[in-house]
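What follows is a pair of complexes built around chain A, which joins chain B in one and chain C in the other.
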Partner chain A sequence: MAGYFGTVGQWVLAKAAGLLDFCAYNALVLRSLFHKRRGGLESSLSVLFKQVFFTGVQALPVIALVALALGAISIVQSLTQLPKFGGEAFIGKILITVIVRELGPILTGFIVIGRSGTAITTEIGNMVVQHEIEALEAMGIDPVRYLVIPRVFGVTASLVALNIYFDIFALVGGFLVSKTVLLTSFTIFLREIVSSMVVADIAVSLLKGFIFGILVSVICTFRGFSVKLSSTEVPQMASKAVVGSITALFIADGIITFIYYF
Partner chain B sequence: MAYRFKHIEKIVGVFLTLVILIVVTLVILIGRERRWFEKQFEYSTEFWRGEGLNPGLVVSIKGIQIGEVKSVFLNEENWIEVRFSVYEEYSERIRKDSVAKLRSPLIGSKVLEIIPGGKDQLPLENGSYIWSEDMDEGIRILKQKAKEEKPDQLTRILQNVEALTENLSDTEGNLEQSLAKLRELLDMLSSKDGSFAKTLASIDRITGSIEDKEGSIGKLLYDNYELYDGIISIMKKLDTIMSDIQTLSGTIAETSPEIKAAIEQANMTMDEATGLIRTLQQNFFVRGFSSRKDDVVVPLENAEREGGYSEGGGFGR
Partner chain C sequence: MNDPAVELKDVSLAFGNEPILTSISIRIPKGALVAITGPSGCGKSTLLKISAGLLHPDSGTVTIEGVDIFNVSRSTLYELRKSFAFVFQDGALISNLTLYNNLALPIRYHYRLSDEEIEKRVRAVLDDFGLYTERRLMPAQLSIGQRKLASFARGIIMEPRLIFVDEPVSGIDAITTQRMVGKLLPLRDDNKVTMVMVSHNLDFIKSSADYIALIYQNKLFAYGTRDDILKSEDPILQGILSIIVDEQAIVAEEVLEILSESPF
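Take a look at the complex of A and B:
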C-alpha cells in the first residue's frame, strides 16, 4: 500500500514539477518577447517567414482537402436530417456554427500539431542533444528569442490564417454539394451564409486560432527544450508535445465556448 | 525597389494578405447584410408587459424586417419602454397613427410588428414616440384601421375570436346574464318549498301508488296480463265478427240484383194499389168509409230520391 501511494505521490510531484517548469518557461518567453534588445531582428524575421511557410503555406493542401470534405459532409447530413423536422431554414446557421466556430479551429489545430508541432519539438530537441543551444548562448544569442519567439508568432499567424482558409474551403465544399443537390446559385448560397453569419462567428474563430496557435507553439517548443541528453528522448518528447497540445486545445476550446455562451 | 524580397517571403506575404482580404470582405458583407452602413431612425414605444422582448428582436411591417430592437427597460411608470431602429428606406412608413404591437409567430422569437401609418398623416421624426397596442390611443387606432382595411381570412378569424372572448369575459354580457338566469332557475329548483319540489313530491306519490297497485293505472299495469289477455280475446272475437260481416256483405253483393228487381216490383204494386185506393175513395159507395181525404201521397220513387237511397250508398251498387 505504501509503495502504491509512493508511486502516486511521485507521479503527482513529477507532474507538478513539470507544470512549474512550463509556467517558468512561459514567463521566460514573455520576458524575451517584451525585452528590448537590439540586433537579431532580421534573422528572427527570417525564421518567422520560414515558420509561416512551413506551417501555413505547406499545410494548405491538406487543410483544403479536409475542409472541402467536412463542408460537403456537413451539408449532406444537414440536407438529409434537418428536413425531417422542418429545419431547412437552419442549414446555413448550422454550417456556420459547426464549421466556422467549432470544427474549423479544432481540425486546423490538429493538422498543425501533427505537421508542425512535432517538427518544432524534434528540431529543438535535436538542437539540445547536439549542444547547439549552448553554442547560441556562447555566442550571446538568446535561444528563446531566436528560436521560440519566431515560432510562436509563425505558428500563431499560420493557425489563424489556416483557420480562415479552412472556413472558406469548407463553405466552398458545402456550396458544391448544394449546387449538385439543390441546384442553388452561388449568389443565393453566399447570401444564405452571410445572413446566417455574425461578426462574432469570425471573431470567435480568429480568437480560437490565435489561442490555439500560442498553445501549440509554446507547448511544442517547451517539449523540445525538455530533451536533456539522449537523442532517444526526442521522439518521446514529440509524442508528449502532441498529447499535451491536443489536451490544451480541447480545454481552451471548451473554455472559450463556455465564456461566449454564458 | 528599395527592398529585395526572397521567394519564400513573397509566398508568405500572399498567404497572409489573402487572409486579411477574406476577413475584411466577410466583415463588409456581414455589415451590408446587417445594414451597418445605412442611416437608421430610432423610435420608442411602451408596453404593459415585456415577455419575450429583448434587444435584437426583429421589427417588421407585415412580416418584412424593417429594423431591430435596440434596448428594453422598465421605466419609472413601470411600463416596458422599447427603443428600436428602423432602416431609412422604411422610416417614412412610421407616421403619427402608426401602432406597435407584439406578435408571436408559431416558431421562433417574438416580433415587434409596426402597423404603418396612413398616407394622410405626416411621417414621424427621428426619436419620436409611437403608440403601442397596450395603450388606449393605440387600441382606438387599431380598431379604426381594422374597420377601414379588408382583413384576410386569418385576421377575420382572429378578430372573431377576440370579439368572442371579449363577449365571454364581459361581466354585463349575454353569457353572464344567461348564467345568472340559469343560477336563479337552479336555486328555484333546489329550493325545498318551491313548486318544483312539490311537483316532484306529487310525482313521487303517484309513482308510489302505481307501484302499490293502487288506482286504475296501478291495477292496469300490475294485473298479471289480465288486460292484455282480455284485449287479445276481444281482438280474436272482433276478427271473427269481421269475417262474418265480410261473408254477409259478399252474400248481399251477390243477391243485390234480385233485391233491386223486388223493390221495383213492389213499387209497381204500390202504384197500382194507390191508384186502386184513389179509385175506391172516389167511388160513391165506399167514399164515406175513408178517413183520409185528399192526402198527398208521395210516390215511392220520390221517397227513394229524398233520402231512402243515395248515389253509391245502396246495396249492390
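Take a look at the complex of A and C:
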C-alpha cells in the first residue's frame, strides 16, 4: 500500500513540476515579448515569414480539401435528417453554428498541430540535441526571442487566417451540394447564410483561432525545449506536444463556448 | 598575473550522485591562452561550458570581466556575450541555415547593418578561412573539419575579446589542423583577446598555451604557466600528463599500423 501511495505521490510531484516548468516558460515568453531589447528584429522577421509560409500558405490545399468535404457532409446530413423534424429552415443556422463556430476553428487547429506543431517541436528538439540552442546562447542570441516569439506570431496569424479560409471553403462545399441536390442558386444560398450569421459568430470563430494559435505554438515550442540529451526524446516530445495541444484546444473551446452561452 | 578575464571560485557540479567537477577555482588572465587538459571524462568540456555561462554549476561563482554571470539578468548576459565566442567541438552550426547565413546571423541579430555591409564582413571572414566557395552549402553538406572551421569563423566574426574553444584540433585532418592553428595563434598573440581552450593534444598545448589547467578526477590538479606544468618534477603530475592522449590520433595510428601490415 505504501508503495502504491509512493508511486502516486511521485507521479503527482512530477506533474506538478512539469506544470511549474510550463508556467515559468510562459512567463519567459511573455517577458521576451514585452522586453525592449535592441536588435534581433530582422533575424526574427525572417523566422516569422518562414513560419507563416509553412503554417499558413503551404497548408492551404489540405485546409481547402477538408473544409469542402466538411461543408458537403454537413449539408448532406442536414438535408437528410432535418426534414424528419420539419427543421429545413434551420439549415443555414446549423451550418454557421457547426462550421464557423465549432468545427472550423477546431479542425483548422488539428491540421496546424499535425503539420506545424510537430514540425516545431521536432526542429527545436533536434536543435537542443545538436547544441544549436547552446550556440545561439553563446552568440548572445536569446532563443526565446529568435525562435519562439516569431513562431507564436506566425502560427497565431496563420491559424486565424486559415480559420477564415476554412469557413469560406466549407460554405462553398455546402453550396455545391445544395446546388446539386436542391438546385439552390448561389444568391439564395448566400442570403440564407448571411441572414443566419451574426457578428458574434465571426467574433467567436476568430477568437478561437487566435487562442488556439497561441496555445499550439507555446505548447509545441515548450515541448521542443523539453528535449534534454538524446534524439530519441524528440519523437516522444512531438507526441506529447500533439496530445497536449489537442487537449488544450478542447478545454479552451469548451471555456469559450461556455462563456458565450452562459 | 594581471586582472582576470574569467574567474571561477569553488565551482562544483554533480549529475545525481556522480561528481563531475569538485571545487574548482581558476583565474584566467586577460590576453592569455589557457589550455584546460586532462584525461577523457574528467570534466574539461563541462568546465568550459560553465566558464562561458552555458551550464549552471551546483555551487560556486563565475565572473567574466568582473560580472558575476550567474547573477545577472538574461538581457545583461546576452549583451555581454556579444563580445564572446564559443567554438563547439562539433561545430554546432544552425542546421537550417546556409554557411553564409550562419556567419551572418550574429551580425544581423546584434547590429543594424545593410545587406552590403554584412556581405562584406562575412565574405572577408569566409575568404580568410578558405570557405567562401562553400557559402551556399548547408552544415550537413560540410565535412567535420569545415564545420569546425566555420564554427570558429562564426565566433570571430563578432571580433570577440574572449574566445572559448572546445577541442580545436581534434578529429580533423592535417591540412584543416594547420588552417585552424594558423587562425588560433595570431589571436593568442593579440593581447586584447583572451582564449580558454580545451584540448587533449599535448603537442598543440605545448606549442600554444600560456597557462595550463590540469583536471584530474574531477578536481583541478595543477594550474600554472606552461613551463611550470610541463617542466614540473612532480612525478604524479608527469604521470597524469603521460596518460592524456588524443584518442583519435591513436585510432589513426592503429589504422595506419594495420594498413602497413596488410598484404595489399
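We adopt the following convention: the second predicted complex is superposed on the first by the 262 of 262 C-alpha atoms of A that agree within 3 Å, B and C clash if a C-alpha of one lies under 4 Å from a C-alpha of the other, contacts with A are read in each partner's own complex, and residues count from 1 in each chain.
Methods note: a residue touches a chain if its C-beta (ideal position, glycine included) is under 8 Å from a C-beta of that chain, and two chains touch if they have at least 3 such contacts.
Being a predicted model, the structure only gives us computed values, none of them experimental.
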item: Which of chain B and chain C A:F49 touches, first, second, both or neither; value: first
item: Contacts of A:A157 with chain B and chain C, given as first, second, both or neither; value: first
item: First, second, both or neither for A:G114, with chain B first and chain C second; value: neither
item: First, second, both or neither for A:G18, with chain B first and chain C second; value: neither
item: Touching partner for A:E134 - first (chain B), second (chain C), both, neither; value: second
item: Which of chain B and chain C A:P235 touches, first, second, both or neither; value: neither
item: Touched partner set for A:V57, first chain B, second chain C, both or neither; value: first
item: Partner chain in contact with A:D142 - chain B first, chain C second, else both or neither; value: second
item: Residues of chain A contacting chain B in one complex and chain C in the other; value: none
item: Residues of chain C touching chain A in the complex; value: 49, 52, 54, 74-75, 77-82, 84-86, 88, 90, 92-96, 105-106, 108-112, 151, 154, 158, 164
item: Parts of chain A lying in touch with chain B, wherever the complex brings them together; value: 49-50, 52-53, 56-57, 60, 157, 160-161, 164-165, 168, 190-191, 194-195, 197-199, 202, 206
item: Residues of chain B defined as touching chain A within the complex; value: 6, 8-9, 11-12, 15-16, 19, 22-23, 26-27, 29-31, 33-34
item: Residues of chain A that touch chain C when the two form their complex; value: 35, 37, 39-40, 42-43, 123, 126-127, 130-132, 134-142, 146
